[in-house]
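In what comes next, chain A is part of two complexes: it sits with chain B in the first one and with chain C in the second one.
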Partner chain A sequence: MAGIDETIAGPGLGSRALTMLARWALVIALVIAWELTTRARVFTPFMLPSPERVLARIWDDGQAGDLFINIGLTLYRALTGFFIAATLGLLIGVAIARGGALGWFFDPVVSVGFPMPKITFLPVIVLWLGLYDTAKISMVVFDAVFPVITGTVLGIKSVEKELIWSARSLGSRERDIWPRIVLPAAMPQIFTGLQVSLPIAMIVAVVAEMLMGGYGMGGAMVQASRMADSPGIFAGIVEIAVVGWFLVKGMATLRRRLLAWHPEAETPTGV
Partner chain B sequence: MTKIVIDKVRHKYRPARGKPVLALEDVSLEVRDKEFLALLGPSGCGKSTLLYLMGGFLPVESGTISIDGKPIAGPGPDRGVVFQHFALFPWKTVRQNVLYGLERQGLAREKREAVAKKFIDLVGLSGFEDNYPSQLSGGMKQRAAIARTLAVDPSVLLMDEPFGALDAQTRALMQSELLGIWRASPKTVVFVTHDVQEAVYLAGRVVVMSARPGRVKAIIDTNFDKTAPDVLRSAKFGDMVDQIWGLVKEEAIKAQMGRGT
Partner chain C sequence: MTKNPLVQGAVRYLPLLFLALVWEAASRFELVSSSALPSLTKIAAAWWDLAKSGDLLDNGASSLWRLGAGLAIAVVVGAALGIGMAWWRPLDMALGPLVEMFYPLPKSALIPVTALWLGFGDGSKILLIAMGCVLPVAIGAYNGARSSDKALVWSARSLGASRLRVLRDVVAPSALPETLSGIRTALAISFVLLVASELIVARSGLGYLIGFLGSNGTYDSMFAVVLTVAGMGFVADRLYLLVMRRALAWRE
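Take a look at the complex of A and B:
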C-alpha cells in the first residue's frame, strides 16, 4: 500500500523504481512462471526447456558468432526494406495527397493492396526474384510501405489551411509551401506511419526467412525446428523479442527527439 | 485617403458536399489608409469570408477588391493576417516563427535577428523566444502570431477574431496592448469580431454586417478619445455599444432563425 501511495504522491526515487518495475511486471511474471513450470516438470524439458538452458543456448550462439550473423542479416533485411518502404511510402503518399494523375492511379492500388495478405505474393516473388536477399527485402518493402502511405496521406490532408495561408501572406513562394510547411506540419502522422511500419518490417523479414530458409533469425529457428533442437527454437523467440523491443524503443526515442515540438512528445508512452 | 476599395463583391461558398451558399451579396466598402476598421456581425454573416477575400486566400469571383488602386492577386506580405487559432508553425520556436517572414524577404542575418527581437519584445514575449507554441498559453500564442505578422511590416493588418479564443481577462489585456501598438505606429487594420464592445473599443469605424447573405448594414463612426483609463465605463461608450448592439441584435436573431430551420 505504502508503495502505491508514494506513486500517487509524485516522482520520488522509490516510486520511479516502482513504475519501472510495474512496466516490466508482466515480462518478469512470465519468466517466473516459465521457470516454475519447468521446475515443476509440467512439461518435459524437450517441450519447454528452462530459461537457464535457453539463455545458455543464446550465450553459446553468441560465442560461436552465429547469433550476430543471424541478427545482423535479419536486421539488414528488415532495415533495408524499411528504408525503401519509407521512401516509397512518402513519395506515393505525397502523390495521393496532391491528387492529380499519379494520385488517381495509386489511390485504388493502395485501397486494394493494404488489406491484402502480402504473403500470398510470396510464390510470385520467389518465382521472379529467387530466395536470396532481393526476394526477402522485396517482401518487407511490399508489407511495410502501406502504413507509411496512409500516415503520409492523412498527415498531409489534416494540415490546416490557415498554416498555408499564413505562410503565403508571410511571403512564401509556391514552391516553398510543400517542403517548408506541408511536410513539417504532417510530420507527426508520417512518423506514426513509420512507427507502425518498422515492426512490420521486422516481422516480415523473420517470416520471409522462415519460409525461404538460409541464414537469419527466422531461418535459424526453422533450422532448429528441423533438428528437433528445442532450446534453439526458444532462444530464437527470445532473441527476436529483444531485437524487436530495441527497434520499437529506438523509434520512440527518435520521435521524442525529432518531434519535441509536438505536444504528444512530452507524454511518455509505451510505444 | 483610401487604402482598400471593395466594390460590389458577391461570393458563393461551395461546401465539399451540398449546395453552394451565397455568403456575401453586393458588398461595397472603402477602407481608409491607417484606419482601424471593425467588421461586426453575427456568426455566419460572411465577415471572415470578406477578410479572406481581402487577404487573397479566396478568389474574387464577382466584383473587385483593390489595394492602393491595384486589384488583389493572391496573398502577399503587404497584407499581414492574424487568425483566431493563431496558425503558428508548431514545429518552430517563437523566434523561428517570427523569423520566417523575414527570411523570405532575404534580409541579412543580423538584421533579421534584430527585427525579430524587436517585435518579440514589443508583444512582451522576451524570455519565451525558444519555446514551441505548444508550450505557450493561448494569449502568448496570439502574441507570437501578432509579432510574426508585424515583423514583415505589412501596410494592412487583417485580423480574424484574433482574441475570440482567449479568456476574458487575457482578451481585455490584449485589446489595450493592440491599441497601444497601433497608436504607436498606425497601419490599416481590418478587424473581424462579433463582440460589440471590442469593436467599439478598438475601431474608429464599425461596419455592421447583416445576417447571411452578408451585406453592409451600417457604418458607424466610433472615433472618439478612448485613452482615458475608464473609457469602457463612460456614458458615451455605453451609448455607442447600445446603439450598435441594437443593429447587430436584429441580425443575430435572423441568423439564429435561419439556422434553426
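Take a look at the complex of A and C:
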C-alpha cells in the first residue's frame, strides 16, 4: 500500500531500500510470531504446524520433485487459460465496442454472464469435458474472459473522439485508426482488465484442481487435506501465495514497462 | 431507431432468448446427448420438484446464511481496517505490507485450511468467506478515505470539530463510494468461495446439492440448481447495484 506515497514523493534510492527493509522485517516478524505461537502451544500442532515443519515439508517436496511438477502444472493451466481468455476477451470486447451483429449478440450475454458465479458450472464442465487439462483450462477461460471483455469495451468507449478526429484530419487511413490509435489509447483499461483476470485464472485453476484431483497445487492440497496432513496443507498455502504474489507483481511491472508512455502506467490500487 | 425503452430492452436481450431456443432445440432433437444437456423445460420441471420437496429451500437457506454471515464480518472488519489505516499512520505502516502480501493470494487456497480448523460445517465456510472478502473491502475503504478532500478535513478541524467528529462526518462519507465498490468485488468473491467450498467440503448447501445430484446422475436436477445459483449471483449483484446507487444519490 506504499504505492501511493511513492508515486507522489518520487522516492530516492535510500528510501526505497528502507521500504524494502521494512517489508522484509515485517515478513520475518510474522514468521517469528508464528513460531512463537506454535512454541507456546496456543494451537495444537495439527491446527497450526510450526514454520520449520512447513518449510521442511516444502524442501522435501522440492527434493522429491513434486513441488516443481505441481507448480508447473498449475501455472500451465492457469496461464494457458489466461492467454486464451485474453485473446478471446480482446476480440469479443472489440466486437461489442464496434457494435454490429456480433457485438449485438455478445453484449447481453456478457452483461448477464459477468456477475454470475461461473464456478457453479464446474460440474457441468466435468460432465462435458471430463477431468483432465481440457476441462480445467476451459473452466479457467470461462471465468477469466469476462474482466478482459469489460475492460476492453470500457477502454475503447472512453477513447477521446478528438484523438480519432485529429488522426483523421492529419490524414490517417481509415484502416490504421483501430490498430494505431484506438487500441493503444484503450490499452490502460484493457491492461487493468488483464490484471483482474490473471488472479481469477489462478483462483479457478486451484479450485478446478481441488475438485477434479490429479497433480497440481490444488490437487496436492486436497490430497493433504484427505490425509489430515496439516503441514502439507500449510506448505500448499505458502507455495500458492508465493506464486500468486509473483504473478501479480509481474503484471504490475509489465504494465509499467509497456505503458511507460502513458500517464496511467501505475497499477490502479485495488487491482 | 425507436426510442421506446421497452422495445430497446427487448432488442438488446433478444440474443439471450435466441440462445435459450437453441438450447431447447439442441436437446429436444438430440443434436447433443440430452443427458449432457437436458432441455430447459425438463430443467424447469426438475427445479419445481426440488422446490416442492424442500431440498432447494433447505440447502439454499444454509448457503445464504454462510454467505450473509461471512460477508457481514468482512464488511465490518474490512471497512474499519481500511478507514483506520488511512486515518492513523502507524496502523498503515504496520498492516500495509501485510495487506499487500496477502492480497494476491488466490483465495481458494484457504479452503482446506478453514476445513482443517473448523470442520465441514457452517463455521469453516463463514470463516473462508470472511477471510477471502475482507481485503477487497479494506482496500476500497482505504483508497476512499485517503482520497477525502484535505480542504474539507482542515476546514472541519478549524471550525472546531474533534478528530472523531471529522472521522464520522467527513472521512467516512467520502470513503463510502470506494468502500461500496470494494464490497461489490467482495460479493462476487463470496459466491465463488461459497460454491467452491460447498462443492469440495460440505454436507449441506447448494454447492453440495449440485455435487450430490451430479454424482447421482440426475443431470436435469443438477442443471436446475446450477442455474439457480448462477441466477442468485446475478440477482445479488444487480440488487446491490441498486442499493449502491441509492446510497450514493446524495453525491449528485
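By our rule, the second predicted complex is superposed on the first by the 238 of 271 C-alpha atoms of A that agree within 3 Å, B and C clash if a C-alpha of one lies under 4 Å from a C-alpha of the other, contacts with A are read in each partner's own complex, and residues count from 1 in each chain.
In this section, a residue touches a chain if its C-beta (ideal position, glycine included) is under 8 Å from a C-beta of that chain, and two chains touch if they have at least 3 such contacts.
What you are looking at is a predicted structure, and each value in this text was computed from that prediction instead of being measured.
Engineer: On chain A, do chain B and chain C fit together or clash when superposed?
Structural biologist: fit
Engineer: Mind telling me which of the two, chain B or chain C, contacts the most residues of chain A?
Structural biologist: C
Engineer: With the two structures laid over each other on chain A, which partner does A:V109 touch: chain B (first), chain C (second), both, or neither?
Structural biologist: After superposing on A, A:V109 lies in contact with chain C but is clear of chain B.
Engineer: With the two structures laid over each other on chain A, which partner does A:I32 touch: chain B (first), chain C (second), both, or neither?
Structural biologist: In the superposition, A:I32 contacts neither chain B nor chain C.
Engineer: For A:P117, decide between first (touching chain B), second (touching chain C), both and neither.
Structural biologist: second
Engineer: Quick one: classify A:M227 as touching chain B (first), chain C (second), both or neither.
Structural biologist: neither
Engineer: Once chain A of both complexes is superposed, is A:W128 in touch with chain B (first), chain C (second), both, or neither?
Structural biologist: Only chain C is touched by A:W128; chain B is not.
Engineer: Contacts for A:A185 in the overlay, against chain B (first) and chain C (second): which applies, first, second, both or neither?
Structural biologist: After superposing on A, A:A185 lies in contact with chain B but is clear of chain C.
Engineer: Which partner does A:A64 reach: the first (chain B), the second (chain C), both, or neither?
Structural biologist: neither
Engineer: Considering only C-alpha atoms, give the closest distance between chain B and chain C in the superposition, rounded to the nearest Å.
Structural biologist: The answer is 10 Å, the least C-alpha separation in the overlay.
Engineer: Kindly list the residues of chain A that each of chain B and chain C touches, one partner per complex.
Structural biologist: none
Engineer: State the interface residues of chain A toward chain C in the complex, per the touch definition above.
Structural biologist: 1-2, 4, 22-23, 26-27, 30, 46-47, 104-109, 112, 115-124, 126-128, 199, 202-204, 206-207, 210-211, 217-218, 221-222, 224-225, 228, 230, 233-234, 236-237, 240-241, 244-245, 247-249, 269-270
Engineer: Applying the document's contact rule, which stretches of chain B touch chain A when the two form their complex?
Structural biologist: 52, 55-57, 74-77, 79-81, 83, 85, 87-93, 100-101, 104-105, 132-134, 148-149, 152, 154
Engineer: Could you pull out which chain A residues touch chain B in their complex?
Structural biologist: The contact residues of chain A facing chain B are 160-163, 165-173, 176, 181, 184-185, 187, 259-263.
Engineer: Over in the complex, which chain C residues touch chain A? Could you list them?
Structural biologist: That would be residues 12-16, 18-19, 36, 85, 92-94, 96-113, 115-117, 136, 139-140, 142-143, 146, 178, 182, 185, 188, 191-192, 194-196, 199-201, 207, 210-211, 214, 219, 222-223, 226, 229-231, 233-234, 236-238 of chain C.
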